[in-house]
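Have a look at the structure that comes next, please.
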Amino acid sequence: MSKEYIGPVGEGLYAVRTGDWRTRRPLMDQKTCRRCGICLMYCPVNAISRGADEAYSIGLEYCKGCGVCAAECPAKAIAMEKEGAK
Amino acid sequence: MSKEYIGPVGEGLYAVRTGDWRTRRPLMDQKTCRRCGICLMYCPVNAISRGADEAYSIGLEYCKGCGVCAAECPAKAIAMEKEGAK
Amino acid sequence: MTALDTLATREDQISPGISACVGCNVELTLRTVLKVLGPNTILAIPPGCMGGVGVVGWDKMSGAKVPVFFPLLDNSASMLAGIRLGLKARGREANVVAFAGDGATVDAGFQALSGAAERGDKIIYICYDNEGYMNTGYQRSSSTSKGSWTSTTPVSKEGSGGKPQHRKDFPLIMAMHDLPYVATASPAYIPDLVKKVERAMEVKEGLAYIHIYNPCLTGWGIKSDDSIAISRLSVQSRFFPLWEAHGRRLQFTVRVPKPVPVADYVRRIGKFRHLDEARIAELQAITDERYSFLEAMDRMGGGANAPGA
Amino acid sequence: MTALDTLATREDQISPGISACVGCNVELTLRTVLKVLGPNTILAIPPGCMGGVGVVGWDKMSGAKVPVFFPLLDNSASMLAGIRLGLKARGREANVVAFAGDGATVDAGFQALSGAAERGDKIIYICYDNEGYMNTGYQRSSSTSKGSWTSTTPVSKEGSGGKPQHRKDFPLIMAMHDLPYVATASPAYIPDLVKKVERAMEVKEGLAYIHIYNPCLTGWGIKSDDSIAISRLSVQSRFFPLWEAHGRRLQFTVRVPKPVPVADYVRRIGKFRHLDEARIAELQAITDERYSFLEAMDRMGGGANAPGA
Amino acid sequence: MSRVDVLNGNLAAAHAARLSRPEVIAAYPITPQTPVVEYLTQFHADGSLPCQMSEVESEHSAMSILTGASLTGVRCYTATSSQGLALMYEPYFRASTLRLPIVMNIVNREMISPQTVWGGPQDSMTLRDAGWLQIYVEDNQEILDTTIQAFKVAESAEVLLPINVCYDGFYLSHMTERVEIPSQEEVDAFLPPYRSRHIILDPETPMAVDPLTNGRLLMEYRRKHMAAQQAALVAIEKADAEYARRFGRSWGGVIDEYRTEDAEYLMVSLGSVCGALRECIDDARARGVRVGLLKIRSLRPFPRARVIEALAGKKGFGVIDRNVSFGTNTGILFQEIRAALYSAGSRYPAASFIGGLGGEDLTLEIVAGAIKSTIETVDAGKIDNEASWLVRPERKA
Amino acid sequence: MSRVDVLNGNLAAAHAARLSRPEVIAAYPITPQTPVVEYLTQFHADGSLPCQMSEVESEHSAMSILTGASLTGVRCYTATSSQGLALMYEPYFRASTLRLPIVMNIVNREMISPQTVWGGPQDSMTLRDAGWLQIYVEDNQEILDTTIQAFKVAESAEVLLPINVCYDGFYLSHMTERVEIPSQEEVDAFLPPYRSRHIILDPETPMAVDPLTNGRLLMEYRRKHMAAQQAALVAIEKADAEYARRFGRSWGGVIDEYRTEDAEYLMVSLGSVCGALRECIDDARARGVRVGLLKIRSLRPFPRARVIEALAGKKGFGVIDRNVSFGTNTGILFQEIRAALYSAGSRYPAASFIGGLGGEDLTLEIVAGAIKSTIETVDAGKIDNEASWLVRPERKA
Amino acid sequence: MKEIRLHGRGGMGTVKAAEVIVHAMVAQGGFGNSIPFFGFERQGAPVTSFIRLDAKPIRPKTQVYEPDCIIVLDRSLQTAVDVFVGVRENAFLIVNSAEPPESIEAPKRVTTIATVDANEISIRKIGKPIPNTAMLGAFVKCTGWVEIDAVVDKVAALWGDANASIVREAYDSTLILRR
Amino acid sequence: MKEIRLHGRGGMGTVKAAEVIVHAMVAQGGFGNSIPFFGFERQGAPVTSFIRLDAKPIRPKTQVYEPDCIIVLDRSLQTAVDVFVGVRENAFLIVNSAEPPESIEAPKRVTTIATVDANEISIRKIGKPIPNTAMLGAFVKCTGWVEIDAVVDKVAALWGDANASIVREAYDSTLILRR
């Protein structure tokens, strides 16, 4: 919780649930994946993380479904699927 | 005479009699002079003029006595003399 | 540490959910840059898309984990210069960084930046150049390419119009300020970008400047999937070459020996749709002209500027 | 017509008596430039020495024969851009000219100038660079040379102090704006200056920029007789090289194959009196560095910028 | 022949500018003014606005360019908001003291900080003493009509001063409604071309503009400037009257009055909130409460005489300010009205309100509350020294 | 131990700044403020002013740098005049709304056009509503004392606002007189170090400064800002009282009164002309005319209550303005006083004067004339709506 | 006077749809105004717009707090914002949905509910799911406050015939439940 | 109160000389102020400065219009400006001149005239014709309004001993005519 300030100050993170915006959903095929990390480097929202096992995974809470990871993946390991009606 | 303007406008030339400032006076020796015109080109106040006969002369009304003409004259045709007390 | 390791292990300093457009490569750039800079950073986000989408926060909350603020559109560099002086007065050290659009940099904030550059204020100034004022709906800036449609350089039905002037060669102008570090970068070359931010952080005295060329999906008419591919083409066509300079010692960091035609780049962008061959040729010509100038500088290598050369 | 003929026959457009210091080479420069420009000129004199000594006039009188006005310190280029647009709207043609100090140009008015340069406003912008704010008593500007005493970069009794930064290489920065014409000039090379003003007048589209280096007698501590000699040394030492550029095609107009040491120039100037050899060597080094950069550009000659090169 | 369209406020302003045939335009985008710039470039590209346009790198240059252009004697137009106005303040002040009849719409937006892009006339009201004429309007038709009239007022020989037509950001700029657009011929007949005959930069008539000036002479210029402001009081009314004759719409001149004749209480304000005030006044009237509206159109020059006249015989008044005067604990309009009334024959009880800052809505509910509270204050014979704050009760949007 | 010296106003300001131990200074030269900058760099070079100094390329950057520096929580100082103030207006407004206690001397100079470098507080008075505190002083000792106090006022926890100490260009800035300079120890005891505890940019306590803010929240900040202005009324008086205790000099706080106690007529003004007023008041008193001086020190916050109190029981007053409010036909101070008095118990006859613009001297003769004319106006029971102009009869210099 | 509130997301043309309704009202000789809620309309973010319609000039330039009609361009919004806040008695509700009006939950004060599959029609006609034009057709069908021809004309002028045909098809296919 | 007006030219140190007199007055426990006339002081242009001296604090911050004493640093000025305007009865006049006071023309109200060859002394002592310090010596000698030692001390502090010695020599060599 933020303290009372006399001037315009913000504290604590404001995060828009951008996962809601998604109309397409990235699906990563761990078998095809070459563990190159390119998707992680180019995902604009930092939704892709590297696990302890060097495996990559996509967090859908904020993924906006832009398709950049799929487009950039040299192994074509990511597919963009239509987002199911929530 | 200037008209009456509603805003800040100046008309007619305002000229300070800068000849009064002179403490030294340039004297040009027409004999030594090579008619190169360098003094005319470098006089800051445009006090030097070229006559119909290609001769150069110094107008003292505005000459400030800086000595540039004397310094630049390749023929050393100009001497700076102490200005007589007016 | 490789760039990937850096990005995979460092904490994201920006709120995970900001309202940038889907696929926005400026968002990518910002997150990348901030990961490299790390938490000991004070971040200026002038009015522009990144402020608009919430990086400085809303009401009483913040959009970033590092201290972040809005400068005015026109004073990012000078506010940061003041922050640096304040830190110095307090005996503190931190990265003092601007992440500013081309409008805030090349236009409205240029004088403040040029002044800070000359004074040698120790700040890292990063310009994301999306060729215009996107936050207000895409008006032209000094960085907009010739021929580009913008909302203030409209195109008639017959396809005439668009911006009449070439874009300011701003990174080079900054390099001529004799700065300790100037670089260009692209969201399509993240490892290159990471290295450049690291270089900027190494600067001990004076201003470091990085100019990043970010095609704007919404403003330019680009599908989100194409974001990086088109950015890459801007480099591969030599339209936006990647280099770095210490003082005037300039070197390419990505060499493009066999460029693709500028047309291949331009044709994929909506805002250039109306350009005919002749007008694309103009863009090719300025590209070649500017590139060969850079090549000459690159050839001069360190030589021209080594003391006593 | 030779420069001399021009100057001997054209009417002086400035009041014959203005209160500039005795021997002031800015006064010389102004009169020279205006003779070349002739009466069909609208002249902007921003706050600075020339305005202070009466070129814009006093009370209800004028200090010039051509229309003349004070812009603000920071808007010479943009006011002139407006004048050009107004003339266009009225179907009129005239030289639209700024004669501005380095403070008004390199510092406070740079953004307006850079904007006009990019837009291609058709104006002739002449900067007389006396390395500081003389009208207010000689404070430092971005154009002040490293080491120089100024009233805001004082020198201690032991001789330390003076300005810590090198001067902005402003003419080159302007050249990187890809202008139709950029030149440097000196009051010691009047025929060269005359030719450059004529070239600037020939420009059909866009902004022409001339940067003139004017040692200030009073501020720098120079005897009035030495005014031109010292100006000449600034060129002959390569401290301030004379060149012109069309776009990026830069060429020396006065070549200095055998430069005199920068020390010979610096030592004759009061404001540098406190500099020891090491500090003069710094000035020599930056001089060499910048000169060799120009040499490289000069060598590129027309080649680098020819379309398709 | 005029035509009816549905326009937002910015488009209304852009049409007004277009119809007034400016010869030079220079503008820089800023929310909420941006669409004005975009509409104008579009008109220009379409060929319906044949003028010189400059896409500048900042508002400082926009105003500087117009200063230069106006000095060549041509008609000039621009628009801005908040920070843009702030950035151009130096040349803004100077344009008035050079007596250049530039027309500028100000799309009122709150000043930062806090960071905001929303409405409120703090921007222009803070700068009311920079020598410009400033008119505030209430709806989109009034934007259009007043902007056209503004050229006439500014350029009239007795005035020759720059003028702002100010309208609320978003609440007008982005609000669409029915607007009548006059034809070009009609506007041409109303507004003759401008050609400066006083201060001009032209090699054919060389003069110095703005020589260094002693204080005595400066005072002469200041007096003339102030006289021109007073002359504008007349010029605004004249332009309104002529406009009404030609186009059938009058906006009241320097002030507008609504149901004031038999009113006991007056509500005083400016800008778009006057719409809600009219509505609430009708409601109150329906309940037998005799309240009326005094809308200040011209803040500069301040219409002292007409304000005093409008208040004559009333019991008292309340002022709604969408701005603050930080060091006086009231809004700026309340300050101005009080200053003007000090000299009037009688002392009216008066209530002061501040509300609707930073885009906060001044709802009918809030406005009705202000009327109610004004009546209480007036009936109690009090004069506020401190403004009451109008705040909407919190509820979900 | 203090020492006596002879200083011009600029040097007095520079000493005050030095003694207050600012941590960051950024300034740009402009006549007549330039010497302040030069003195400070000299102090800095001498080692007597150990702080961070920045030689900027414009006033816009000077104020921006201080905004940034102040956001790191350190003490900041600058000075400017006229066009410089105008150019920094955008960050100037913002520094107040960010609640940053920056101290800035304004060396008052007339605004161009006409082109002028001479005195008059038009520059700062036009911008009185930008949220800063503004104090106007009368002589060089007051410059020094007030500038030191200004840090204390600005930084006090209830205030936290930037402050201007304004003094007349040339008539004070370039006038030399006897000034007592306190010792560093004395000033240190009066003025503790500043460390911000509210809004701060520091990686150790990350926060966002100035997130995008809705109108409701913005209004909260505005209310707090206005409350801080009111708190400054107290803080100024407190600082003055403590200063008087320590240094033996009091300047009256938000206003100063001279021979008002039994006065029938009050002359109201601010700035250096108060010196001439005192002289002329003594002359008038000698002739049995009961006139006194009400000097406004704090224009922002406006000292309404004390003004009303000072006028209580008087016959009437006259105001000398060295500035204009273009659209109201009077000066700004007269406007302010009228607004404040509207709510007071009685209506005083009042005379309004404008004079001394653009460096024109307000001579003893002129000031005596204004007093005479005030008495006539007041005795006639009139309240001016229009200022009379004070012009010196033409004679050779 | 009728007051309407529209709920959409950035990119759906919500604000423009509101303007079209005002256009139609004015074209048929009436008065109206529309005011967008002033946020940053980026793709995906919730957007609100307000309309007032009347036979006489409309003076308040304020937002609508007690709508007679609510138009929801994206059903998913119902989880993000309370679309029913302030709704008046006997109100109309128009929702973009493939499902019948019976499936829509709404407070009692809402007495008329209409649905139309705006996305489907839009994709079919113009290849993109931009629901605003279809919602216009449904609005007219449901309320009858403006004339369908006026709306169609304005849409045609703004966005061409394909869009205009969406309005008509939506008008025809809108399902209405009065309760 | 004594009021003094100085006339000089840019570069002569006129304003500084005025300040020294105030310094001296304050050093001896009195009060004083000096105000320069605010022009652009470039080399050669006429410069005016005003001084007030008194035993009690001085309040008016205005120019001097009716001087009790006039100091002329450059005789050539007499052709450019009317140095006697407003001069009071029984006034003092001090002129930089190699000639005796008898040769100086002045209105009747001026009853004491002093001259000193300030340029000559200055050139001899410091190599440059800067008359201000010598004029200070002459002023003290002629009026006695401030003490010579106070002036000498201040000049020494500002510009060193050579200049201080100019003051003393001028003090000694000033010629005075009382009439």
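Per-chain numbering from 1; labels A, B, C, D, E, F, G and H assigned in written order.
The rule is simple: a contact is a pair of C-beta atoms (placed from the backbone, for glycine too) under 8 Å apart; a residue touches a chain by one contact, two chains touch by 3 or more.
This structure is a prediction, so every number in the text was calculated from the model and none was measured.
Between chain D and chain H, the least number of touching-chain steps is 1.
When every chain is reduced to the mean of its CA atoms, the largest separation from chain G belongs to H. Centre to centre, using the average C-alpha position, chain F and chain G are separated by 57 Å.
With centres defined as mean CA coordinates, chain E is found 49 Å away from chain A. Annotation: 44 Å between the Cα-based centres of chain C and chain F.
With centres taken as mean Cα positions, chain C sits 23 Å from chain A.
Looking at chain C, one finds that residues 19-20, 22, 51-52, 54, 56-65, 70, 72, 74, 107-108, 110-111, 114-115, 118-119, 142 touch two or more other chains.
Chain H has residues 43-45 in contact with two or more other chains.
Within chain B, residues 7-11, 14, 16, 18, 21, 64 each touch two or more of the remaining chains. Pairwise chain contacts present here: A-C, A-E, A-F, A-G, B-D, B-E, B-F, B-H, C-D, C-E, C-F, C-G, D-E, D-F, D-H, E-F, E-G, F-H [touch as defined].
Residues of chain H that touch chain D in their complex: 40, 42-45.
Residues 107-108, 110-111, 114-115, 118-120, 142, 164-166, 168-169, 172-173, 176-178, 247-248, 285, 288-289, 292-293, 296-297, 300, 304-309 of chain D are the ones that touch chain C when the two sit in their complex. Residues 29-31, 34, 37-38, 41-42, 45-46, 55, 57-58, 83, 87, 112, 115 of chain F are the ones touching chain D in the complex.
Residues 3-4, 7-9, 12, 14-20, 22-25, 27-28, 31-32, 54, 56-65, 187, 190-191, 224-229 of chain D are the ones that touch chain B when the two sit in their complex.
Residues 4-6, 8, 32, 117-119, 138-139, 168, 170-172, 174-178, 272-273, 275-276, 278-279, 359, 361-365, 395-397 of chain F are the ones touching chain H in the complex.
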